[in-house]
Amino acid sequence: MSDHPASPITPDRATGRFVRMLDWLVANPMRVIAGLAIVCGLLAVVDLLYEKHPSVPVEALPFFYPVFGFVIYALVIFGAKTLRLIIRRREDYYAPYSIDAETPNSHMTGEQR
Amino acid sequence: MRHHLVLRVVSKILIPFIILYGLYVQFHGDFSPGGGFQAGVIVAAAIILYALIFGIERARQVFKPEVLLVFAPLGVMIFALVGYAALALGGNYLDYDWLVANDTAGQHIGIITVEFGVGLTVAAVMTLIFLAYAGRTRDIDDEDW
Amino acid sequence: MLATIPPFLVYLIGAPLALLIPNGSLRSAFMCLVPVVGILLLLDIPYGDHLTTSIVGQSVTLLRVDSLSFVFGLIFNIAAFLALVFAWHVRDAMQQVSTLLYAGSAVGAVFCGDLISLFVFWEATAITSVFLIWATRTEGSYHTGMRYLIIQVGSGVILLSGVLIQASQTGSVAFDAMKLDGLGTGLIFLAFGIKCAFPLLHNWLQDSYPAATATGTVTLSAFTTKLAVYALARGFPGTEVLIYIGAVMTVFPIFFAAVENNLRKVLAYSLNNQLGFMVVGIGVGTPLALNGTAAHAFCHILYKAVLFMSMGAVLHRTGTTKASELGGLYRSMPITMVCCVIGAASISAFPLFSGFVSKSLIQSATADTGHWIVWLVLLFASVGVLEHSGIKIPYFTFFGHDSGIRCKEAPWNMVTAMVLTAALCVGIGVYPAPLYAILPFPVDYQPYTVAHVVTQLQMLLFALLAFVFLMRKGLYPAEFRATNLDFDWIYRRALPVIIRGLGLGIDTVWSRLIGGSRAMVSASIDAASRNFGPYGIVGRTVRVGNGVAWVAVLLLVTLLVGYSAD
Amino acid sequence: MTGATLSGIVPHLPALQVVVPLLAAPVCFLLRRGVICWGFATLVSWAAFATSLVLLQVVLADGTIRYEMGGWAAPWGIEYVIDATNAIVLVIVSGIGSAVMPYARRSVMAEIPANQHGLYYTAYLLCLAGLLGVTITGDAFNVFVFLEITSLSSYILVSAGAGMDRRALTAAYNYLVLGTVGATFFVIGVGLLYMVTGTLNIIDLSERVPALQHNRTVHVAFAFIVVGMGLKLALFPLHTWLPNAYTYAPSTGTAFLAATSTKVSVYVLLRFLFVVFAPSYGFMALTLDYVLLPLALIGMVAATVAAIYQYNIKRLLAYSSVAQIGYMVLGIAYGSVEGLTAAILHLFNHALMKGALFLALGCIMLRVGDVTMRGVQGLGRQMPWTMAAFVTGGLSLIGVPLTVGFISKWYLITAALDDGRWPIAAVILASSLLAIIYVWKIVEAAYLKEPPEGRVVREAPLSMLVPTWVLVLANIGFGINAEFTVGVARTAAMGLLGGAP
C-alpha cells in the first residue's frame, strides 16, 4: 500500500491516550479475559437471584441463557468450519485476480484529502 | 403558322364569339344550365386557340402568366369572400338569402358573384396549364400540320 | 400546496440541479441538503392519500402517507443524509447522481399507494443503484453489476407480470394487504422475495454489495432490501410461510459469514440474517410483530450503515476489507474503531444499544404467538449475529494479528457521518420512546426489564467467553484468502458449465441440432434481410404498376369475401 | 372584439374551420414572399387549432353539431357534422399543423429553393383545408372533393423535396398515381351507393343502407370504399407509395403528412365502416375478420421488420408508420367498442409520436444534412436536445410506460384479451419488441458511436427545438394522464357503434 507511512502517525493527545490504553489491553490479554470471566461469573450468580417470567418453557431452566450462549457459539464455529471444508475454493475461482471486483487502486485514486 | 392565312382569319373572327358565348354561359349560371366552370373552360378554349394560331410567345404577351397567376387565386377569394359576407350579415356560410333584403335577389347576386369567381379561376388555371405545358417545347412547325 | 409535494420529487429535481453546481464542497453540501428538505416535507404531509390520478383506467396514488410508510420514509431520508455526508469527498458525478436518484426512487416507492407506481419506482431503484457498483470501475465490478442488474430488473419484470395478472383478476391495482392465493399474488410475492434476498434468491446481495465503492455500499445497504421489507409488510402481513422463510434466513447466513474473508461480504451475509428477523416479524403479523419489523428496519438501517461506513473508511484508507490482510488498525483509526464497535454492539443487541430495543419486539411476538421453535431459532441466530458482526468484524479489523498497516484516520466527513450514526444507535438504545412513538401501532412494551437485560447479557457474554476460549485453544477458524461457494455457484459455474458441456458435447446429433438451429436462425435472419432489407421485396421501392396490381388483388379479395357472405 | 361577437361566431365555427385555411391559401399565394407567407400560414394554423379546440369542447359539452352550408337543409345541401370522433381528428390535424408551422421557417429555408417558399406554404394551407374538410363534412361526395384537394396539395408538398433530392419527383408521381386510384375507387364506391340509395348525405346513407344490406351493389360499393381508403391510409400491402413519399418530402412536409393525412384517411374509413355500414352485416364482418385483420397483423410485423433493415432513418420511420397504421386497422378490425377506442386513441397518440420524431429528424437534416444511420452517428453529444427528443419519441413508439405509446398498446392488448384473442396480443407484443431493435439501432449510432472525423455541428435552433419538444412533452403528458384522450376516444367509439352520429 503506497500511502502507508512507514512510521505510525502521531495521534493527537486525546486519542493518543485512548490508543495507549488499548495498547496496554492488547499487550495484557489475560487481564481482559479475567475481567470477562468475572463478569460472566457474576451474571451466572444473578441468574439465581431474580424471579423469572418465562414466555417460553425452556427459559425457566436454570442457567439456560449462559449455557445456550456458550454452546451455540461453539456450534456455530464448528458448523462453519465443517461447511468451509465443502465450500472453500481458491480466491480466483470465479475470475482471476485481475478482474476482482475489489481492486483497490480505484478507491485510492478517488481519495481527495 | 403565320402562313396559314385561312386559319388566322377564321380564328380572328371566331375568338370574340367564343368569348361572348362564354360570357353567355357565365351569366346564365344562376337560372339555367351553365355557370362559372363551363364558362371558364370556354373562355380558356378561346385563349388556347389564340395561342395555337398566333404562337405561344404572343399569347404570353397578351395573357401574361403573372396576371393569370393573380386571377386564379382572386377567383377563389371572390367565392370565399361571398361566403364570408353572408356570414357577416348573419346567415350561414354561403347563405345568399342574407346578402340583400330580398331573398330571391340575394340568391341571384350571390350565385352570379360566386360563379364569376369560379369562372375567373377556371379560365386562368386552364390557360396557365396550357401555357406551362406548351411552353416546354418549341412551337409546332408548319410541316407538322 | 407544499404539503403534497412528494419527497421523491426533491431528489428527482435535486439530482440534475446538483450537476449544475461546480463539483466540490458546494455540490456536496447541496446534495446533503436534499434529504433534509425531504425530511421537512415529510413531516409536513398529513396522513392520507395524495396525488391520486388515473393511468390506463387504474387509480394511481403517488403519495400515501400512513404510519407504516412514514417510518420507512423517514429512515430512508435519514439514511440518505448520512450516506451523503459519508460520501462528501466523492467527486464522481456518476455516483453522486445515482445516489440521489436511488434514494429518491426508494423514498418514492415507499409512498406508492398502488402497484403500478410501485413497479415504476421498483425498477428505478434497480437501474439507479447499479451505477454505485459500476463506479468501482473494475472489470469484476462490471460483471457483478450486470448480474445485479439482471436479477433486480428481473424482480421488477416478475412484479409487473404479477401486477398485470392481479389487475385483470381483481380489477384493482391498489397496494394493500394481499392473500397469497393465486398466480398474480404469487408472482408479486416472488418479486418482493428476490429483493428481500429470500434463501436461494439471496446471492445477488453478497455478490454485489462488496463490489460497490467504499461509499456506494453504505447507500446500497440502506434501501433496496428494506424497501422489500416494507413491501412485504404492506402486502403480505401475517402470511405464515414468511415465518419459516424468515427463520431460515436468520440461520443459514451465519455459517457463511463465519468463514468469509471479505468483511464487507460478511456484512452482506449479516444483512441477510437481520432481514430474516424482519421477515419473521411480518409473518407473525401481530401489531407487536409488525412494530418490531418497522423498528428493527429503522435501527438496522442505522447500525448496518455505521458498520458499512467503518468498513468503507477502512477500505478507503487501506484499499482492502479482507480480514486476512487487516488487523491492529485501532492504532491508526481509533475513532472508526469505536464507531464500528458501537455498530457491532447494536447489531448484537447489547442493552443500551439500538438492536436491543427493536429485535426484542420481534422475539417477544414470536413467543406470544406460540411459535417457540421459531423463537429458539431466532435466539440461535442472535448468537450467530454476535459471532460474525459483533466479534469478527471489529476484532479482525482493528485488533487481532497486527497487519503492520499504519494509515491515517478516516477523512473528517466519514468520521462525522460515522459518529452521527453511532450516536443515533446509542440514542435509540438508551431512549427508545421517540422511536416507539412513530411505529405503526401503539406500543406497550418495556425493553428494559431486569430479566430481559440479564438474560441478554448472559447469552452474549457467555458467547463471548466461548469465543475467547476457542481463540485461545486455536480452534477458531483462521482467515484465508478464499472464495466460498454459495448458491450463486449454480448460475455462475454450474449452469455455464452445463451449457458449455452440452454445446461442446461429443454427441454429434446434439451438435447437429445446435448447428442446424443456428443455421436456421441465421438463415431466417438472412431471409429477413433479403426480403425486408432496402433491396428486398418489402423494403425496396415498389413500382407504380405493382402497387396498382396489389390494389386490384385486394379489391378482388374483398369482393370475393363480401360475395361469400350471402 | 367584444364577448357578444365572439359568442356570435361560435355557431359558424364549423364553416370557419375549413374556409379560413381555404381562403388563406389564395391569399398566401398572392403574398408571394417566403417569410410573410410563413407568418400568415402560422397564424392561420393557430386560428384553425383554436377553432378545433372550441369545437371539441362544444361537442363534448353539447353533443353533435350540424351546420348547413348555404342554408340548404341536409339531404339537398352539404352539411358539416361534428361529433366526438371527428372533433378529435380536427384537433390532431390543426394541432400538428400549428406545431409544424413555427418550426417550418428555418427548415423550409434550408431545404426548399427560395422562389418556391410561397407556393409551398400555399400547398400546405390547401392541404390543411382539405384535411379539415374531409374530416368535418357530412356529405360523402364532399369527402371526395376535399380528399382530392388534400391529395393534390400533398403531391406538391412531396415534390417540393426535389431541391434536395430529385427522387422526390418520382416519389410524388408514384404517390399521385396511386393516390388517384385510391380516390377514384372511393368515388366509385360513393357513386354506387348513390345509385341505390339516391343520397350522398352520410346520415341519410346510414338510414337507407340497412334495408339494402343484401344488395350486391352495396357490397361492391363497400369493397371499393374499403380498398380505396386502404390505399389512402397505406394499409399493408397498399402502402407502397408511402416510404418514398415520406423519405423524399421536405422535413416539414413529412412531419405534417405523416402525422395527419393517413390519420384522416383512417377516420374516413371509420366513418364509412361504422356509420354507413355496420359490423352486423355479414359481408362487413367477414371483411373485418378475413381481410383487414390479417392484413393489419401482417403489416405490423412485416413493416416493422422492414424498418429494422432501413439505413435512411426517414424511410425507417415511414415503415414504422405502416406498422403503426396496422395497429389502428387492427383496432378497427376488432369491431368492438374497445377496439375502436384503441384505434382512435392510437390515431391521436401516433400523430404525436410521429410528429415529434419527424420534427426531430428535421432538426438533424438542418444541421447535418444527412438523416441516415451515418448522419446521426455521435449526435447524442453534438445535438443532445434533438437526440433526447428523438429517443423519447422512439420510446413512445416502442410503448414504454409513461409515454402515449404505452397507453395505445395497453388498450389494444386489453381489447384483444377481452375477446380472448391471445395470439393477437402476442403479435402486438412481438412487433413492439421488434420496434425496440430499430429504435436501438438509432440510439446506438447516436450515443455509442463517435461522430465522423471532422464533423462539427451545433444544436438545432430554438425555433425548431421548441415545437419538437412541445410534441415530445405532449407524448409524455398524455402518456401519464390519459384520462382525457381515453375519455374522448371511448365517447367517439360508442358514438360510431351507436349508429348515427
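We just call them A, B, C and D in the order they show up, numbering each chain from 1.
We take it that contacts are C-beta pairs under 8 Å (C-beta built on N, C-alpha and C of every residue); 3 or more make two chains touch, one makes a residue touch a chain.
Treat the numbers as computed from the prediction; the structure is a model and nothing was measured.
Novice: In angstrom, rounded to a whole number, how far apart do the mean CA points of chain A and chain B lie?
Specialist: Here the centre of chain B sits 105 Å away from the centre of chain A.
Novice: In whole angstrom, what separates the CA-based centres of chain A and chain C?
Specialist: The computed centroid separation for chain A versus chain C comes out at 25 Å.
Novice: Please tell me the distance, in whole Å, between the geometric centres of chain B and chain C computed from their C-alpha atoms.
Specialist: 82
Novice: When the centre of a chain is set as the mean of its C-alpha atoms, what distance in Å lies between chain A and chain D?
Specialist: Whole-Å distance between the two chain centres: 71.
Novice: Pull out every residue in chain C that's touching 2 or more other chains.
Specialist: Residues of chain C never touch two or more of the other chains.
Novice: Looking at which chains touch which, would you call it a line, ring, star, complete or other?
Specialist: Per interface graph, the chains form a line.
Novice: Going by the touch definition at the top, which pairs of chains touch each other?
Specialist: All touching pairs, sorted by chain label, are A-C, B-D, C-D.
Novice: In the complex of these two chains, what residues of chain A are touching chain C?
Specialist: Going by the criterion above, the answer is residues 1, 3-9, 11, 15, 18-19, 22-23, 26, 33, 36-37, 39-40, 43-44, 46-47, 50, 52-53, 55-59, 65-74, 76-77, 79-81, 83-84, 86-95, 98-108, 110-113.
Novice: Can you list the residues on chain C that touch chain A in the complex?
Specialist: 89-92, 136-141, 143-144, 210-211, 213-214, 254-256, 258-259, 262, 264, 315-316, 318-322, 330-332, 334-335, 364, 367-368, 372, 375-376, 379-380, 383-384, 386-387, 399, 405-409, 411-412, 450-451, 454-468, 470, 472, 475-477, 480-486, 492-493
Novice: Which of the residues in chain D end up touching chain B in this complex?
Specialist: 12, 15-16, 19, 22-23, 25-27, 29-30, 67-71
Novice: Please name which positions on chain B make contact with chain D in the complex.
Specialist: 69-70, 72-74, 76-77, 80-81, 83-84, 86-87, 91-97
Novice: So in the complex, the part of chain C that touches chain D is made up of which residues?
Specialist: It is residues 53-57, 120, 168, 528-529, 532-534, 536, 538-539, 541-542, 544, 546-548, 550-551, 554-555, 557-559, 561-566 of chain C that touch chain D.
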